[in-house]
Amino acid sequence: MSEFILIIFSAALVNNIIVLGIIGTDPALAFMRRMDVATGLCLTMLVLLPLVSVSGCLLDYWLLVPLQLEYFQLLVFVSTVILIALLLKHHGHRINKKLDARINVFLPLAGINTTVLGTMLLNQELSNTFLKSLVFGMGSALGFSFVLLLMTAAFERLEVADVPVPFRGLPIVLITLALISMAFMGFSGLINQ
Amino acid sequence: MTGILILLALTVVISVMLYNSRSATPEQEKLVDTVDALLPQTQCGKCGYPGCKPYAEAIVSNRADINQCPPGGRNTIRQLANLLGREIKDLNPAHGKAGPKMIAFIDEDICIGCVKCIQACPVDAIVGAPKQMHTVITQACTGCELCVAPCPVDCISMLVFVQGGRRVKLDPVMRTSP
Amino acid sequence: MKMLMMMRNETVIISSPHMHAATSINRVMTQVVYALIPGILLSAWFFGAGVLIQCLLAVFFVLGVEALMLYLREKPLRLFLFDGSAVVTALLFALCLSPYTPVWVNFTGICFAIIVAKHLYGGIGHNMFNPAMAGYVFILLCFPVYQTSWSLPSGADELQATLLQTLSIIFTGPSSIENFDILSGATTLAWTKSQLSGMFMITEIRNSPLFGSFAGKGTEWIAVAWLFGGIWLLAQRIIKWQMPVYFIGTIFLFSLLFYWYDSDIYLAPVATLFTGGIMLAAFFIITDPVTASTTPRGRIIYVTGIGLLVYVIRTWSAYPDGVAFAVLLMNAAVPLIDNYTRPRVFGEMKHG
Amino acid sequence: MTRELHPFPGGLQIPPHKELSNAKKSLITPLPDSIILPLQQHIGTPAVPLVKSGDKVLKGQLIARANGYVSVPLHASTSGKIIDIGNYTVPDPLGLKAPCIVIEPDGDDVWFEIKPTHDYTSIEPQALQDVIREAGIAGLGGAGFPAHVKLREGTESAVDTLIINAVECEPFISCDDRLIREKPGYVINGARMIRHAIQAKHCVIALEADMPEAYAALKELIDDDIELIQLPAKYPQGGERQLILALTGKEVPSGGLPIHMGIVMHNAATAAAAFRAVTRGEPLISRYITVSGEVNDPRNLQVLLGTPVKHCADQCGYEEKEGQVIILGGPMMGMFVNNMHMPVIKTTNCVLVTSTYNQSPEMPCIRCGQCVDVCPAELLPQQLYWHAHAKNYDRLRKYHLFDCIECGCCSYVCPSNIQLVQYYRKAKRQITQDERTRLSADHARERFMSRNQRLAREEQSHHNDLLAESDIDEKDKQAFIQAAVERTRTKRAQLSNHENANDDEK
């Protein structure tokens, strides 16, 4: 049990996918203008990331390793992500209508998203088991959501701040992100196993 | 070999699904209406389109930028930028400059009743009949200035509109040339 | 006034209210500086003149950098330079530093604090992150080595550096004097941490000369000074009592829980509170209104969050003290907290 | 007779400065040289003049009638000759001019015929309301809401409590205090009368704790029918919502009105004026005002409406000094005025001369949150400020800008000296304007679309008729237009000559 908690913490905070892993930065920047959009993306990630990291683990275990096709990993992963995203988009409403209504718009975007693929590959690097993959995906999604929500709320504040003209908009957002990532470095060594 | 076949199958499935999920047009139409709702509806055509709705369509289909509406000014640009997730820009000076809301005023001593302004008005805010003097319905006038140019006797001037229904004497400083 | 009216030939509108209470930013900041003075003097007493030198250097740098930034941003120099906020930033930053920190490290930290954390965000009132903490974290990450060797508290067995030696260390670097090794050591917290990882028990560690009567040698009394300064600020109504109380309460509660759980590897609550920067943070850092949450409920969440993070980082992460990191992390969370803790408005119905 | 008090959130202790003016007996102001009566001294539509320049009027004579439901009539304050009906400077935050009737007093001060009703209980509530309306009573507390509207609304739904507001929470102002001390009977009987008019179950008179003499004066005349409550001095205790909460423990819902909760509130001076109007038949033509601050003899005055502010100040030994400003109303919510030519109107309660107004430069907000602590509406003034500054109007609504009562507490405590209230006022104005603009835009869109449809239809029918058309008279048409153009050119030239001549005369 404590192992799973550690994985969640590690994925969400110590190796946060946006500020320390950097791979989640771009989609986060694109979606932080409005709170409703940001929460929508967060929900999408919370659904999608556990799903893809698990399927990545399974694909590896049953398909790529037995067939010795590890060199196809990237290709297979990319298509899997798209496949899952599209399946969810078209058939998600059968599982949960309310959730589907919130996340449907984001699924095509998520299908071609670095964060999703990145999580899958990171998970593979850690060679997690099935359950650990699930937890890792959840942790990453939590970390992503946390920082995205922080940034969205901060963006609103930055908009009204008297930022020097050359730094308005993206530059000050990136500086903020840098400062947040500095703060996150305080967690280093928290989980060293 | 099996691996390649599996991948091939995967590719086919995905392409079929991608083909089926091309962007839907109803969403676009909805967006046009939302954009149109943000525009000031002066129907002045300063943006280069014959009315606000066409401009909204142009914005949604990416043919026009969001900074072409002088009557809406910065406020409209900001709202559009927020809606469409774009950067806020300054008004494009090629389309005119922003100013206070104006309304047309017909000098009834001079008006000859030629109905040219009535034809020009996009919102039917001028009433009158041929050879009768015309007058502007203050509440309906959008200040588009489209009636100013057609008037053969130059009897239409744009006044600054002051809230509260009062059409207060125009201040020469605030008056913008038609 | 009359002149102005005539010149512009327009109506001058002065909005109500026409009365104003006798407060100003300047007054608030001056009082904060007063409240810091006893602690600074006590620090200098225990840790040598290095503390004072760091403070003076920081204030000097801060005024220079602030003036430069104000000039570049075309802001009224006199109005903003002497509002006192920059001086408070400088003092808080300097108090975090090791007394042996080289001058260029001090300068770098101040530059980061004032330029990046303060002025790029729009200057006083707009900064999202506490400038002093941002500056400190920056140098902690960039020049970690300088923050590991502290001067030793007077009363411990080792020697204390003379004023000349201290100056030489600060201005020309630690390698400039021969016996730097015996003049410096780890802080109580850092030492405790390293001993714990070496499988020592707290009871053994407590016997070291780095520990005083109830907490870290020297720091315990300095912490008491911060406490008194803070209480004075509370009495002056400069800070709100909820913030230090909830903050200290959180840390106390957690340290108590873990102390009960295993008193061999977790420090006692009182020792936790009076060692390191917790007291300074409680009254002077987390109470910075600009970077704290603005809603009453939000403020409590904010300080509780800092307390929790301080304890977590201090106890389990690679860093001996977690105040700066915890403050920055919660600073980042402030807009989010504010967003979700908007209080109910007068006459606002539950759903309406 | 104890009532549990519920302190309202926020608020401030402000030095009251009432001792300057509240100890001296009020003075009846001598007639000024001219009486300027604005047609709008209340909230709602302006009154419509019934007299013309040159007419002789008597004191208390109706000179302008109410225009619509939310409007009150206007009466001559003294006898004399109407010398002008035109635009004059009125008490207005923007220093605007508005239509006024100007009377030149003849000095006789002769009353118009008056019809007193000695026993108001004999009149039906409905009729009583009409009498009050005809007397031109508008709220004398400061907002100037027509009194009869509140009474009418009161009779339409059952009223539980009538509150007479004698809480003068603003510093310096003591005109209600003085009125109660000098004419307690008017206030008490006014309260009883209004209670009769709206058939309220309970009646409460609320005072601040720092008005002991007024309390004693009322206490003497009071029976068990009216509760007399003293409230601890705290600004803005006199705000309608704050006072209702303090007395009843109920919050008026955001966007709601007190009447929805069965509560009606009237100012003490309004009650007194209403009583006077009914029992003595004298319409509202005078009021108490406080002249305070940096004048030699700060005190209260009984002033005829329309008296220039300068005239009132002169009675109290006003000497113009450099650096002084004039404030109409209290220092917290009153308005700064540029000169003293404007008249005292129904809502003027104080003329304050001061040189200690807030002049310090505005610093950036440091989010200290003191404004949050003092806000009686429990808003987040700094968030409002940020968004007002950034013109983020959707956010402002979300943060309930329109629940702000503009009491000024936030600006008062702000260490950065930010004129918060000014930002809110601007933003409110802008939002209301935007709302109007949006409505007119919707309107314009409809008209545009219907026009396009019409044009399409016409195009169609025109196309059908085209063959039958002939262009014989096209030439005549051209000639006619040409002639018209010529004609107007000459007309225009004449006009502009005329104008120039006028300018020269001036």
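Note that the chains are named A, B, C and D in the order they appear, and that numbering of residues resets to 1 at the start of each chain.
By our rule, a residue touches a chain if its C-beta (ideal position, glycine included) is under 8 Å from a C-beta of that chain, and two chains touch if they have at least 3 such contacts.
Please read all numbers here as calculations on a predicted model, not as lab measurements.
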Quick one: which pair of chains has the most contacts?
C-D
Chain centre (avg CA) closest to assembly CA average -> D
Distance from chain D to chain B - Cα centre to Cα centre, in angstrom
38
Chain A and chain D: spacing of chain centres that average the CA atoms, whole Å:
58
Once you find the CA centre of chain C and the CA centre of chain D, what distance in Å lies between them?
51
Can you list every residue of chain D that touches 2 or more other chains, as numbers and ranges?
364
Show the residues in chain A shared as contacts by 2 or more other chains, in ascending order.
157, 162
Give the residues of chain B that touch two or more other chains, as numbers and ranges in rising order.
none
Taking touching chains as linked, do they make an open path (line), a single closed cycle (ring), a hub with spokes (star), an all-linked set (complete), or other?
other
Every chain pair meeting the touch definition is listed as A-B, A-C, A-D, B-D, C-D
For the complex, which residues does chain C have touching chain D?
1-2, 5, 11-21, 23-25, 27-28, 76, 79-80, 83, 85, 122-126, 240, 289-290, 292, 294-296, 299, 338, 342-349, 352
Residue ranges of chain D touching chain A (in the complex, touch as defined)
364, 386-387, 389-390, 392
Show me the residue ranges of chain A that touch chain C in the complex, using the header's touch definition.
35, 149-150, 152-154, 156-158, 161-164, 167, 172, 175-176, 179-180, 182-190, 192
Contact set on chain A toward chain B in their complex
33-34, 37, 63, 67, 69, 72, 75-76, 79-80, 82-83, 86-87, 89-90, 108, 169
Show me the residue ranges of chain D that touch chain B in the complex, using the header's touch definition.
391, 433-434, 436-437, 440-445, 447-448, 450-451, 481, 484-485, 487-489, 491-492, 495
